[in-house]
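Submitted below is the structure of interest, expressed as structure tokens.
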Amino acid sequence: MEIFSRPDGRACDELRAVEFIPDFAPNATGSVLSCFGSTRVVCAATLEEKVPGWMKAQGVTGGWITAEYSLLPYSTLTRKPREISKGKQEGRSVEIQRLIGRALRAVVDLQKLPGYTLWIDCDVLQADGGTRTAAITGAYVAARMAVGRLMERGLLKENPFTSSVAAVSVGIFQDREILDLNYLEDKDAAVDANVVMTGCGRFVEVQGAGEESTFSQEQLDRMLALAKKGLSELSTKQQAVLAAE
Amino acid sequence: MEIFSRPDGRACDELRAVEFIPDFAPNATGSVLSCFGSTRVVCAATLEEKVPGWMKAQGVTGGWITAEYSLLPYSTLTRKPREISKGKQEGRSVEIQRLIGRALRAVVDLQKLPGYTLWIDCDVLQADGGTRTAAITGAYVAARMAVGRLMERGLLKENPFTSSVAAVSVGIFQDREILDLNYLEDKDAAVDANVVMTGCGRFVEVQGAGEESTFSQEQLDRMLALAKKGLSELSTKQQAVLAAE
Amino acid sequence: MEIFSRPDGRACDELRAVEFIPDFAPNATGSVLSCFGSTRVVCAATLEEKVPGWMKAQGVTGGWITAEYSLLPYSTLTRKPREISKGKQEGRSVEIQRLIGRALRAVVDLQKLPGYTLWIDCDVLQADGGTRTAAITGAYVAARMAVGRLMERGLLKENPFTSSVAAVSVGIFQDREILDLNYLEDKDAAVDANVVMTGCGRFVEVQGAGEESTFSQEQLDRMLALAKKGLSELSTKQQAVLAAE
Amino acid sequence: MEIFSRPDGRACDELRAVEFIPDFAPNATGSVLSCFGSTRVVCAATLEEKVPGWMKAQGVTGGWITAEYSLLPYSTLTRKPREISKGKQEGRSVEIQRLIGRALRAVVDLQKLPGYTLWIDCDVLQADGGTRTAAITGAYVAARMAVGRLMERGLLKENPFTSSVAAVSVGIFQDREILDLNYLEDKDAAVDANVVMTGCGRFVEVQGAGEESTFSQEQLDRMLALAKKGLSELSTKQQAVLAAE
Amino acid sequence: MEIFSRPDGRACDELRAVEFIPDFAPNATGSVLSCFGSTRVVCAATLEEKVPGWMKAQGVTGGWITAEYSLLPYSTLTRKPREISKGKQEGRSVEIQRLIGRALRAVVDLQKLPGYTLWIDCDVLQADGGTRTAAITGAYVAARMAVGRLMERGLLKENPFTSSVAAVSVGIFQDREILDLNYLEDKDAAVDANVVMTGCGRFVEVQGAGEESTFSQEQLDRMLALAKKGLSELSTKQQAVLAAE
Amino acid sequence: MEIFSRPDGRACDELRAVEFIPDFAPNATGSVLSCFGSTRVVCAATLEEKVPGWMKAQGVTGGWITAEYSLLPYSTLTRKPREISKGKQEGRSVEIQRLIGRALRAVVDLQKLPGYTLWIDCDVLQADGGTRTAAITGAYVAARMAVGRLMERGLLKENPFTSSVAAVSVGIFQDREILDLNYLEDKDAAVDANVVMTGCGRFVEVQGAGEESTFSQEQLDRMLALAKKGLSELSTKQQAVLAAE
């Protein structure tokens, strides 16, 4: 009987060790180091007392949440040149930071952030696959911490969050659907999907893609089922660290 | 009895009028104007006799397909400033052109484009929702035309395409799942998804997102079913225009 | 007796087939596809309800007309990389769009565009020589159409145009002065001149240059005479398409 | 009887005081300060022992001449911000430096600069109208000086110049054609033309334009006649300073 | 008797708590989190197997050390926008990273890094004054760790370091010379100096400046004496953490 | 007995010939060509009637002084490409212009420039070592001239200068401390320092560095003594040219 085993010995439906180290960047309003195995992302939330120019121009009320993402140059196995050295962001960074922003906004009532922008900064300290999902999952924790403190300080009157949000990757590796891919799995996966879900079990975003491969409805269904299992566990871990605040 | 009706009177599972006008840009190797209703996208495929620098640097064999996307300034209802006037592309354009490139590469054996880059240019002449899906669907037609001509001229020995590819949008509008959203529907949709699929009915990419909303598994399933119906019709239309070549 | 013949068989004083296809970009206020033989340029005019910052800063009254020009990447025989990929416009594009703007402003009373900017966008779909002259000639038609519609809608009270404007190229090719050079003629011409003239037969701009050659007063005189003949014909064609509006 | 007088009392066909101060930038191969009245332009010519990338790529033999132009920030009556502070050149500078390059190349046999690029730098120290014509006229002197020295040092075998070149402005000011406009005249001129001519009296470039005005054939003829008179005098002055070398 | 006291109660010649947390960025060859009180800087050293283009062009042998510095957006009390959002580095960052590079190169025999570039990345996680001195002092530790590991792996044959290097700030605050200024002291200091010194007690760099103030020879002498005391202590701490490797 | 001699025969404590040619850029409010031997720097001061955006945003009163520095392309022995050709300033230029700005601000009471920015432009016409010290020393003269004229015109009520300021380089060359290094000395110096001092003999800035070398307290002391001698002479020359105004 053929035995399938993942490079690090995990079961197909098993997350890596997940940890959120709070107040990693003490000058931010809220921050964590979000660890999914060896992937480590600094997630920091900071309030700014103004809204983007386009909101004013278009007369949109309420507030805004925006995210920025970068790979620190020493996060990868070979040094990654800084984007500033070329003067512009890579397409991949742009995509990821837009995804983080949408994920957070999907669980926030922006009317309850009147006149404010909540900045979400995600900088990858160590990259071992799944940096965008560790970023979104940690960003929620950092943002929720920030919101709690801003409510204590009286800067916010109500909690703008309508739910929690987390993200996880799933993929097809050696013809099996697996949960929470590390770098070794990710680079050889035929299909890679990122699933963003609220704590109530509703999808915020589903992005599944095969760069040089394709997938069937059945494979998609199995990946989504794995994702839901992982997201339920991540949601529990988020609540635990926030409860300890 | 409450009657639901779409702004342009279409049924929920009905595509807009779709047309591919061939050789719209005669200096390209292959080109079409891809029309999904009022959305019109120039799709042009051109062969370049070299590969990107990173392929040489990493010793990757075969060829490459890359895409570029822009909204022409007069494509929108209010004039859209050119990206060159700010010196950099918007995040949205970067995301879309990366998606177009991945969609095409998923149905191509890059080893059969040895030493070549196939450039896919998609410029939106008129935008009325679904520009990225009209771009992908038209890009396949333009690229397949180009490949046919390159084989006739002896520049390519074999057809590198392993299947056709098309894309369509689906979404949730006024609590109903609908197919192929136009601009009016798109701007008010709670959820918007783009589905890229091969002519053989396998998923290439699924991207579903709710900017300030979420969706259930059942809603996702209904959206994917609508998409499959639309994609089957688009695939038929692609074959028809290619057969007429 | 030696017989001179142009590559496409035209007489020395003969224009290419000229056509203006109206409403090519329906979201613009006015637009045409301007065709001079195989040269095809999308010309679109759009009104913006504000004036450039420098006008406010300097207290200049009235409105403004500004133009932008680009070669679409598939317009040339070998693919032309987009300017955005280098982050800046080429000198040639900058020169041409400044020329288009000056040409239009020369026949407009800017006081009759109070508080408005009229944007002229010229994108070359197919380049076969003379793209700047096709752009100027088509830009007038697009702008005049736009003005007519803005007057109908009551946005403009008076027609700001004081005359029509058109442009044509002339040059010295194989020691003969010729009218309306195509690409084959242009690349081998010893001298190349562009002449912009009002419908009343007054010069707006004369630009004659020999990159690695020079020319006499007599040659200049003969080129200007050819240009006047061509410009008279172009003016008639402009009036015809505008009359059909 | 109505008396016309120019702001500085010159006759209509009179140049300003013209002077070329040699070796103004001693580290250049050849240099002058080119003075047309209060307009002062540093013109420097420097040889580089390589050709532009496009010449190698296209297999073009010989050498190249390229020019760069800038207004120093203290050259104008109110300080002009440096282009580097915005990260890109203005359209006006791009146009002028392209014109200077073409003017020089028109009187040079590039085959006699094998493998070399001759850089022409023109920086305006004081601007009082006609900076581009002072630049071209001085650039020829600097470049010719440089060529003489390079021949002495054996770096060049033959003189690549086939003729001299100079430039002057003419215009229509208060309904009169005048020669060599200063700033006061230039800003109120209805028509402004720049004429570049060889020492043998052949045109290199004619650029006549009315920003918000137009001109007749007779006016053009009178302007060209004035330009020829001025250019003949400038050519004599160029020869004098070069003879003193 | 008037009592002078520093905001945090330190003596004038007292360093803040200094700590170097090793392997903070495990994918770098060597790394520490360098802590001077609340100032925390990630310092990472990574070897690249090539030298800068100018070394090849100029035929310079040996290797190179180069540094990059950034303030992470959440390091400051109010969020600091990323430099990439403006497309260019601030002058302050450029100055600091050039200083870090010079400091390291002053204690390295570049011939013993043949064909290599040692990249030093310094990213500030928390800023409370003295980020450049914490960066230099930590950078030496990270680089020395990296060198030890590269020698173990046989990539380097010899230790290129000729000495250790550290840096500290001194300044004049409320008319007293003080050591190792925190942010509160730094922003009100009349004079601020940074001193870089080898472990052997020789100066590498002395930079003393008063933005809107000046200082006497005696004040400079007292500041340098304080710096030497602090640098001797920092050198001892560097050796301790390196000995524990 | 071994005889040390400097390349140009000067004594170790001897300045080069120093001259300030006034009104070199007549359109500036004040200007000089600052000559230290063959090093020639255009220094121009111009008043702008507004303050930087950050002053308004932070509610800072008074005025500002800011400096810009560039090497003209023909100032160096081999042509130096313009910074605009790469779209950004070099680190070296940024450092130098920040130093010039700080030096001037240190001797100015910014409250006496209410609502104004004094721009200091320094462009190097010929570079032979010490361009930044010639720039600072000349910038003071230009700025002081400008201030005198602005007081005459009634634009400034009081002289904002509290002292004069000058700068000089010192270094260690062939194991000797020398004053005012030219290019030949500078490129082989083990240590290079720039000292900025007021006319009253107080330090404004001391920057001493050894790129691949280090220095002792005694060497620093000897360099500072040389600098003071030179700065005293420079101050006398500054007063002389200003007295002649």
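Letters are used for the chains, namely A, B, C, D, E and F, taken in the order the chains are written, and counting of residues starts over at 1 for each.
To be clear about the criterion, a contact is a pair of C-beta atoms (placed from the backbone, for glycine too) under 8 Å apart; a residue touches a chain by one contact, two chains touch by 3 or more.
Since we're looking at a predicted model, the values are computed, not measured.
Shared contact partners of subunit A and subunit E are absent; no chain touches both. Where the sister copies subunit C and subunit D meet, the same residue numbers recur on both sides for over half of the interface positions.
With centres taken as mean Cα positions, subunit E sits 51 Å from subunit D.
Taking the mean of the C-alpha atoms as each chain's centre, subunit C and subunit E sit 59 Å apart.
Centre-to-centre, using mean CA coordinates, subunit A is 27 Å away from subunit B. Looking at subunit F, residues 87-88 sit in touch with two or more other chains.
Listed in ring order from subunit D, with subunit F immediately after it, the chains are D, F, E, A, B, C. Taken together, the subunit D residues at the contact with subunit F in this complex read 24-28, 31, 38, 42, 44, 46, 48, 68, 70, 72-77, 79, 82-85, 87-89, 119, 121, 123, 125-127. Those residues of subunit E lying in contact with subunit F across their complex are 88, 91, 94-95, 97-98, 102, 105-107, 110, 163, 193, 198, 200, 202-217, 220, 224.
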